[in-house]
Structure formats: structure tokens, C-alpha cells
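Two complexes, one shared chain (chain A), two partners (chain B, chain C).
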Partner chain A sequence: MSATALETPAARPARRRDGVWPRLLRDPVAAVALGFVVLAVLAALLAPWLAPSDPYDNNLLAAMKPPGTEGLPLGADGQGRDLVTRLLFGLRVTLLMGLVATLAGGLLGMLLGFLAAFYRRWLDMPIMRVMDVMLSFPAILVGLAIAAIAGPGIPAVVVAMSIATVPLMARITRGSALVVMQLDYVVAARAVGCTDAQVILRHLAPNCLSPIFVFATLRFGQVILLGSALSFLGLGAQPPTAELGAMASEGRNFLFFAPHIAVLPCLLIFLLVLAFNLLGDALRDALDPRMRF
Partner chain B sequence: MLRQVLVRLLMAVPVMFGVLLVGFLLMQVVPTDAALVRAGPTATPDVVEAIRRDLGLDRPVAEQFLLYLGRLLQGDLGVSIINNIPVAQELGATIGPTLELMAASLVWAIPLGILLGTVGAYWRGSLLDRAVIALGVAGVSVPVFFLGLVLIWLVGFHWQLLPFTGRGGPLWSAEGLQAIILPALTLGGTFVGPVARMTRTAVLDVLSADHVRTARAKGLPERAVVLHHALRNALIPVVTLIGLQIGFLLGGAVVVETVFSWPGVGRLAVGAILSSDFPMAQGTIIVLSGGFILVNLLVDLLYVAIDPRMRTA
Partner chain C sequence: MKGLVAGALLAFSAGVALAQPAPRNTLVILREIDADNYDPARSTARSAGESLYMMSDTLVSLDWDMKTVRPGLAERWDVSEDGKLYTFHLRRDVTFCDGKPFTARDVVYSIQRWVAPETRSPVRWRAGPLKEIRAKNDHTVEYELNEPYGELLYQLSLFFASIVDQATVERLGANFGVQGFNGTGPYCWASWTPRQELVLQKHPNYRWGPPIYRNPAPQVDRVIWRIVPESQTRLAALQTGQADVTQYIPPIAVSQLRQLPMVKMSTQENYFWDHFMGFKVDKPVVNDPAFRRAVNQAVNRSAIVQAVWFGNATPADAYMNPNTAGYDAEAAKLVPGYDPEAARRTLDAAGWAMGGDGVRAKDGQRASFLVYAINTQEGRRYLEAIQADLRRVGVEMRIQLWDATVGWGKLATQEFDAFIMSYPYVTATDGFSLYFDSRNRPTPNRMNWSDPATDAALQEAKTALDPNVRMAAIARAQRIVSENNVWLPMAREQIWVAASQRTEGVRAHGIYGVALYKGLDIRLTR
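And now, the complex of A and B:
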């Protein structure tokens, strides 16, 4: 009996969310952005089946061929690798890096946020002060430091991207957790003797998820942007791995002979980040019209 | 007021300590022997041993950290593994160009951003306003290296208008001035959008405030209302936000310096990391982070100085 009574308020955000998607899709910009994101994710998932060739298959005779060449709709890179294939696989690696970093950094940030809100008396100050410091630090510098210690490579960049996600996620989580903790059902759950872990996982976490989700979307573009910048610097994916930032960096060597090699991966990063940013903004507006920019 | 300043100063201490700890850690995990590097390839084992003792490398780690801090305070950041040049010397030569690049970016990006933000807020909902919003979103979405490569290709290569590699010379010479234009356009280009966005929000807030209505009601010309009553008040939060963003401009500078082969700290850092020159990497990271902390501290103090409400808070 007490279980159902406690569960009822949890259903409220779900009902409110019903209204969010239609509201979101009524905005044409958001609809296009969402469409692009869905398309990009599908293309990345299906890359091995969609790609016309192997991403490491080079044909030096085709090197630097411009877009529109027969059999190479987007041309070939400096080593004669098909750019459609490279871009598909690059997108896959870039999105995967962003996803892993957002999940890892997001979960750690959420945990810290919940702890800060729940054990407000002892943990709030220390956790949030550390978050403030992390927040104020330029992510590229963190990336440089990690790459210097651990050596350049995708893991170093993903760690830097995760670290950039933690403090903001902790702050958002703490903010919404503090509100939810005041609600009757949380107070009731504590009163009936639920353990701290039960209260946090069963009652607090599910009801804080919607702002956290929006925030993750808002941040995803920036996380990708950071990762591609670090890879462009040579600190992330190493050649011949197809990753959009690294591809742009390789293409830089051919800028004056075959600009498309650098421009295409750059353009794809730009569109991807733009789509995520627009989607995040629209999602925020749809959830809370008062925050409209 | 004094208490505020002290609190901020004290907050910066543990952060800087953390940065130095990371720098020290970096020197600990590396597979090279610092004494061997300092001694050079021709040194006898005795000399290497003497240097090792001199650097305190035979002491416990905690003591080594203190010795390391002591050396840093004397400006001794070690010697590059690659070319045996003292790290401090190399850093001294690159800090200037980095500051130059950042200043040249801010000097046009901030006024333009404030102008666009004010215009957007004043004619809210107009086509112009939409353009400002679009610019803001595009500005935070574009990879800074993309902007750089496009400018290099279009202005530098295709039109052959401006140089695009390296620093041409001191800023007051024609070559120096020409060489800094494209890098400054690139770095500043990522800054205009956020500044415009922040200004727009702040001005919108102020425009609906009572004192602006009063100014209008007493018949002040519109120009005076916007410039003196609205923009002036809106600028308080904008200045702080800009200040906080300047630190992040450092991150962009690292990329821009690499794209344009600009001889700054960022490019030095990336080169050192890629060539496993650990002492140099450590030095650049300490300087970049230290510079960032310093800027943040100054902004905090500036905020306390310009907003009287902060003094009692």
C-alpha cells in the first residue's frame, strides 16, 4: 500500500513529458535538428554496412580526387581512401567518444550531485567547491595535462571530455535533487525507514532525470567539439584511425591542393554540434518556456 | 571589501597547488631520468650522480615535491629533453605572442559582440535579432580550427591577401600587424557569438526595468535611454561573464596557435606533448593554468570593484 502511495508522484514528470515532444517538434528548427541527429546516429550505427569500401583501403591513384569523381561521390583523401567511408567511420568514432564521455562523466557528476544534496551538511561544501574549481578550468588545458601524463590517444581525450562533463552535471543534479528532496514522498520514504541508497536510487534519481537529460543533450555538442579539437591537435585518435578531428588535421596538409579533405570532416563536426546545440536549446525551451533565450 | 579580496586570494591557492602537483606528477611518471637529461650525453657517471644529488632525486617523494616547488619559485623549470634549452627561457619567448594574440582577438570581438547583443535586444524579434541569435548559436558550434582553415584557404591562399603562418614581427611593424589579422579573426570569431548572446540577455532584462521606463517617461531621447540607462547597467553582468570567458579563450588560443604556427605557449605545449618533451610540457601547463587562475582572480576582484552590491554580500 505504501509502495503505491509513494510511487504516484513519480508518474507526474512522465505525464508532463508527453507534452514536451509535440511542443518540441512544432518548432521547425528543432525538428530539423532532431532529424539530423537521428540520421547521424543511424549512419554511425550502420557505418560498416553503409560504407562502400573499407576505411583503411587506400588507392594511391585516387589520392586527392575531388568530390564528384566517378565512384567517389565525396572524393578521396590524401592517401586515396574513399571519403564517404572515412566520414561514416569518423562519425562513428566521434559519436562513440562523445557518448562514452557523457555517460561516464554524467554518471560521476550525478553521483556527486546526489551526494552533495543528500548529505548536505558534510558533503555539500567540499564537493561543490571542487566542482567550482573544475568548472572554471578550460577543458583544453585539462586535455593537454592528461595527454601529457597518459600519452596522446583516444582514451586520454575521452577522459578529458568526461572530466569536462562532471562538474556541470553535478551542479544540475544537486539543484534538482534539492527541490525533489523537499517533496512529501521523499520525506515519507525516509520516514518509513528506507535506507539512504533506496531513497536516492528509487525516489530521488527517477524524479531528477528530466533536467539531467536535457542538460546532457545541451552538453553533448560541446563535448564533441572539445574531443575533435583535441584530436585535431594530435592528442586524440592517431592516424590512420578515422575520427573527424584527426581527419581534419590530416586534411590540413592537403589544404591547398584538395581543400575538401579538411573541409568535409570540419563541416560534419560543425553540423553535428550545431544540431545538438539547437536541439538542446529547443528542449530546454519546451520543458521550461520561462528560460527562453 | 578587504575580506572578499582575501577570500578570493585564498581560494586561488589550493587550485594553484593542484596545478603544481599535476606538474610534479607529470615529471614522476615519465620514463626518463631527469639527471641524465641535465647532464647531457657526454657526462661521466660521477657527474650524473652529482646532479642527481643536487636535484634531490635520491630523496623521498614528498621531499622532492618541496624541492621542486623551491626550484619553481626560483624560475627553474628544468631543461628541454629535445634541445637542452631551459624551459623557462623558451616559455619567456612564447608568453608575449600568446598575450598579443588574445588581446588582438578581444579588441574587436568584445565591442562587436556588445553592439550586436544590444541591437538584437533593442529590436527584439526582428530579422536582425534573429540573425544575432543565429550567429550566437553558430559561434558556439563551429570548431575553431574550421574557421582558421577556411580563412587560411580563402584569404591567405585564394585571394593572397594576408600571411597565415607565424608571427611576422613586432606588432608595430607592418608585417607583424598583417600576420596577426587572420589568427585574431579566428580566435575572436568564436568569441563574438557568446558575448552577443550574454549582452542581449542582459540588455533585455534591463530594458524592462523600472528605471528605464522612468527615463522614457520623463522624455529622455531614446539614444540616452539605451546608452546611459540600459546598456550601462547591463554591462555589469556582461563584464563578469566576459572575464570568465577570457580564461576559456586560452583553450581556443592553443588550437589557433597550432593552426597558424603562431609561436605562443599553446603551440609550444602541444609540440612538447607530442614529442614527449616532459619538462617542457610540464612548464607550459603550469604557465597556461597559472595564467588562467590569475585572469580569473583579476576578474573576481574587478567584479567586487565595479558592483557595490558585492562588497557587502
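And now, the complex of A and C:
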């Protein structure tokens, strides 16, 4: 008992020197999640070289063939296209949609959050109330509205996903920035005559990045799910583009007859979202200064 | 084996969804969607027609062959020499659901209400060039036209021309067909819970059913039209005896249902509900007749129809179903068959040269066109297959699917180059007048097809006195349109009605897409 108590402090200094990556990878769940994400991104990037067939060329004779059919390890969809190919290309579109939406919505949200925190007297109230209004609109409704006006398609879904991300990111950013704003070095930077832009970019932003990064990772998973849901409703990818949500939607009607068409894309979405959520959780733990002991 | 598993799964999901068994002597009919109202003058929905045929009658009825007009409320009729005056002699034993006797005044009122501009019926053109309708006496109606109209009797068999009771219409106003109804049909309005169920009660005096039925009187006490949007739930309810009849069967399930002993399936070969793609003939790229011809040659209809409808639709190799009155076999020969090599030759000859990106071009214009469609299961799937076929011959087809709520509005615009659509029709003249008359631009003539020769042929097909001249005229219209490849005819739906084990006498009719028509001859054994 006392031996352990004595040994533990000895181990501490070694850990304290660890960076974020080693601490992250020490968690086996996080390592697996990260591995899956890396694999998925690689598969998406290399889809044109990995895919065994043309994603848009159909073979109606092979329509709905089950997994394991010769030449079709995961079966074929309703158009007789190889599901391996379709999943690879679907992954590509889904990840890209998630990335663009998280980046666009995240950057805009960050900007608004910093502005609200920095110009607290003038901008905090208006910006954050607008964010509250935006939060009260369900993202699906926003997606439906955009699709009704501009026509369904990937851009409509990405815009809806971005809009849904902005207020959340603005809140997180503002929260962290308000804390940092009180710190001495910010006051010092202002005292030596830095412009507002310099203070925000050089001193405020770098010190708020941890929670933003964690949130972006978690949000990425949610955004993928939202994008798939919108595509499932027919608002997203238009034929013949492969997109995981749209693929699930196509297969839904044949769930009893050819379950693989819907189940495989759903499974992939599930794994992706799970991986990003686990990764986000682990990242938060790894970045949390209170956990560094 | 696979069918059994699917059946068991279906049964399981039904047990969860609707757990009440169908009541005694009550026919439970399932359908996908409800109608906005049940007023024949204000709704053109098939779901309205389904119930209106049961709640009301028309002057004439249509036989199973979809060609022979039979008596309805009129037991006989005469047509004047000049074809402009139809005299209908009405039955004397007919009463409305509330017991009031039916007379010629009711016919005059209902038809006048249908065509009156203030009613704003979208299908009032179906009543023809009506000059005046008048009651000669209590049981004789004179229907006078400005010019002959060979289609009149077919049109009067459609549910838009249903006879309704003036007093009830005036009492309920805008709520007629919403809060109540009064017709002369075999079943009477009992109650309606929108998007759930419409309950009808047997009309006790009714014995004037069309002669196409063995028994002119209804044999079930109640009919419930229940809305079940999910197809799997509908099928499961049917197999477990919680419902009796449905015509809303996904094509993939038809062959399995036909093998199930507890489900009785009925079909009808004279069923006219076709799918097609129409080209806007005045838009770039698709305004080239050779281009449209090549599209027709490049698309493998048989393979697509097999993959999309699982053998439960027929590839449309002509603009009209061969069983329709007025079908022209010569015109059918002008519709190109599947031949991708010929498609490539046609495009080459017309100057569409293959470009580096796999898409042809001519004078700097890429061989690319935009299709609008309402997002339906079948539509999406066959568009995607057409897209793949066209890609092989160097043509790019872009697809834009719309939700039904905005889709009809989008289809009325000039933003697209082609569209897909499916529709019911009665005769060749009926279908062609709807789509190819230049006066019907921009909808339903979304192709902007404006051709004086077609218009003249359609006019003659409607107004000529001699049936042979009418046939020749509609044949001419079909040839002109076929030669110009204004459409890519796609598929002819088949109608299938599934009935539970306790149900007898269910036979698919299919007028305007309505399977059960008057709902007569149907009995329940348990």
C-alpha cells in the first residue's frame, strides 16, 4: 500500500514531459479510433485507385446481388454497381462534406466568438443573441429550407451543416476567449500598443485552440451524421453521386429483400461517427491541463 | 426460403404496427396517401377517385376492356346525327344516400358545377366543348356540345363527372367532401379522419351497379379506407388478416406475394398508367431531333424496367398501351428500339463529336442536359439507369430530384431540359390531347411541343363524326410525335391488387389508376 503511494510520485515527472500525441495514443480506444479515422481518410483519398470498378457504370443484370457473389465481395446496389466501389466513393463525398462544413462553419463561428469576446461592450449581445436564434432552428429544417429555395444538392447540405455549426462554435470560442481575455499577457499586449487584430490573432486565438480543436473533432462526427440524414431525405447528393446517406436511403426500400444495400453504408456512417466521437473525447482528456499529473 | 423469411419479418413488423384484427363484415382497404378532399369537382387525386367511385356514380361506366362504355346512372343514351347532342335516359330507381330520389336536375347541377369557372376544376376541359346541359324531364338529360366530341362518354365515366346532391353541396359549402358527402354510390360517407381513415357505410337501397359486375348491390356492411404510408407495414397487415385489400404494393414484393397462399393477387392487362421522359423541344441540345432519337436508341428499356420494377411493369416501346382505344401500331414502329451502336452513329452523323471528357459536343455545346423529377423511388432508380446508359454513348444527363411539395411548381418552369412523369389515361386521344396539344403549354405540355399538324390531328380525333376518321387522325398524331422523339417512352405499370384470404370477388379494374372501381362483387367470408 505504502509502496505504491511512494512509487507513484516517482512516475509523475516522466509523464509530465509527454506531449499530446503520446498521451492520446496511450488510450487504446483512442488509438483504435484514430487508426480507423486515418484508414478512412486514406481510403477516401485513394478511392479512384483502390476501387475495383467505375462508380458510375451500372450493370443492371447484377442489381442487388448479395455480398459474396463472385466479383462482388460486398454485393451490388440497386443499379448493379459494386458496393466496394460505391462505399469508397461515398466515403470520399461524405468526409469531404463533413470537412468543408466543419471548416466553414467552424471558422465563421470562431470569428464571431472572438469578436463577441473581444468587443464585449458592443458586439457580445447582438452576436450571441443571433447565435441563440440560430440554435433554435433544427438543422434539418434549415436544410429543407435551403433545398427548397436553391434546389437539393451537396452545396445545400453543406451550407445547412455549416449554419448548424456556427452558433455552437461561436459559443465555445467566446467562452474560452472570455477567460483568456482576463489574463495578464493580453492586457500587456494591449499596453504595448498591439492592434486589435494582432491581439486576437497572436495572443487570443492560439490560447483558445484546445477546446476549439476538441469541439471540431466531435462536431465532425455530428456533421457527418447530419449530412447523411439530409441526404437520406433526398436533399443531398443527386444521382449518380455516391454518398453514404443517399446510399442508405436507396437501400431502405429493399431492407427485407437486399439488406446489404442499406446496412453497409449505415454501418460505415456509424463507425465513422463513433470513431470521431471517441477521438474527440480522448483528445479532450489529452488536452485538459487538469489531467496532466 | 428467402420469401418465407421476408414474410415472417413482414408479419412481425405488422404485429407491432396495427394490432387490431379486421372487424366482421367490414372491408379494410389500405392505401399510401389520403386525398386533400373528396369533392369530385375540386380534387384530381387518385386517392380521391378511389373513394368517390364508391360514394357516387357517373352517367356511364367503363368495362374491364377499357374500351366499352356501359350504362351507369343513364340506362341508355342517343347521339344526334351531327354528334353535338347526347340524350341520356336516366334510371328511375336511383336514390341518394340520404334517401332523396335522383333526377335529371342532379345531373345538370353536377355537370354545371364541374365546368363552372368559379369551381376552378383543373380538369373541366374533360367535359368537352359543352354548350348547354339541360333536363328535358325528370329522367332525361340533354348534353349539347358546340362541336362533336368523340371522347365524351369516356370522359363522363371518370370520377370528375360524379353526380352529387345540390342541397348537400350548398349546405356544406367549402366543406363538401370534407365534413360530409351525398352521392348515389354503393357506399355512403360515414366519417373521415384525415390522414388516418375514411369510413363508408353500405348504401342499403343500392342495386344500380354497372352491368360489368355480377351483383349490382354492395355486399359488405362497411368499408374502411385506411392510410398506411409504409409499404412493408401494408403488406404485413394484409398477410396477418388485419386488412383486406391494397393496390399499393412495391414492385419488388409482387412476385413473393403471388407465391403466398394467404394472399390473393389480381391483375388487369388493360391498365393504362405510363412512365415517360419528355424533352423540352425548344431548349439547346434537346432541340436536336437526332439527339432525341439517339437518346431513345441508347436506353435499354427492357433491362431498366426489369431492374426497377422487377418484371412487374412492361417496357414501353410506344407512346400508348397497345390495348388502348386509338393505339396505332405503325406509330409504335417509329419509336427506336435499344441499339447503342445506332445511337453512336446517329450522334456522329448529327455532328455530335466525342470530346476529351467522354461527353460529346457540337459547335461548342456539350451533349449535356438537365432532368427535373419528383423524387420517387422508381423515378430515381430509372433515371440513374438511363444516366448510365447515356454515359456510354457520350451523353451527360444531370438529374435534379425535387420533393413533391415543391416539385410540381418546379415542373411548371422552363428551367430544365427534360422531365419524367407518370400518368393515367383512358384512350389514345385522351393521353395525347393532354400532353401534345399546343394550347396545353407550359403544363401539362411541358415539352413545349407546338406543331400545327399535331394540333389539327388532335382536333379531328376529337371532333370527327366517323369513328374511322377519328382513329386515322389520332394515328397521325402518334406518328408525328413518335417520329420526332418528343418523349422517351419508358414503362407501362401493371396493376396488382392483393387481397386477404377472407376476401372474395376482388378484381382489379384500374380506371384512372383506381383498382377497385365501384367495389362491388367483393364479399367477406369471415
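By definition in this document, the second predicted complex is superposed on the first by the 269 of 293 C-alpha atoms of A that agree within 3 Å, B and C clash if a C-alpha of one lies under 4 Å from a C-alpha of the other, contacts with A are read in each partner's own complex, and residues count from 1 in each chain.
The definition used in the following text is that a residue touches a chain if its C-beta (ideal position, glycine included) is under 8 Å from a C-beta of that chain, and two chains touch if they have at least 3 such contacts.
Remember, predicted model here, so these are calculated numbers, not experimental data.
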- Task: With the two complexes overlaid on their shared chain, look at chain A and say whether chain B and chain C clash or fit.
- Result: clash
- Query: Is A:Q79 in contact with chain B, with chain C, with both, or with neither (first, second, both, neither)?
  - Reply: second
- Task: Using the touch definition from the top, say if A:P138 reaches chain B (first), chain C (second), both or neither.
- Result: first
- Message: Once chain A of both complexes is superposed, is A:L267 in touch with chain B (first), chain C (second), both, or neither?
- Response: first
- Which touches a greater number of chain A residues, chain B or chain C? B
- For A:Y56, decide between first (touching chain B), second (touching chain C), both and neither. second
- Message: A:R26 in the overlay: touching chain B, chain C, both, or neither? Say first, second, both or neither.
- Response: neither
- Query: Touch check for A:N277: first (chain B), second (chain C), both, or neither?
  - Reply: first
- Query: Counting only touches as set out at the top, which of chain B and chain C does A:F257 meet: first, second, both, neither?
  - Reply: second
- Task: Between 239-247, 401-409 or 455-463, work out which stretch of chain C sticks into chain B after superposition.
- Result: 401-409
- Task: Overlap the chain B and chain C contact sets on chain A and report the shared residues.
- Result: 147-148, 151-152, 234-235, 255-256
- Query: Within the complex, which stretch of chain B touches chain A?
  - Reply: 14-15, 18, 22, 25-26, 29, 133, 137-138, 140-146, 149-150, 152-153, 157, 197, 201, 244, 247-248, 250-252, 254-255, 258-259, 269-270, 272-274, 276, 278, 281-282, 284-285, 288-289, 292, 296
- Would you tell me which residues of chain C are touching chain A in their complex? 6, 9-10, 231-232, 250, 252-253, 300, 303-304, 306-307, 375, 377, 380-381, 383-385, 387-388, 391-392, 398-403, 405-406
- Interface residues, chain A side, partner chain C - complex: 56-58, 60-61, 63, 78-80, 147-148, 151-153, 234-235, 238-240, 250, 253-257
- Note on the structure: Touching chain B in the complex, chain A uses residues 133, 136-141, 144-145, 147-149, 151-152, 221-222, 225, 228-229, 232-235, 245, 248-249, 252, 255-256, 259, 262-263, 266-267, 269-270, 273-274, 277-278, 281, 293
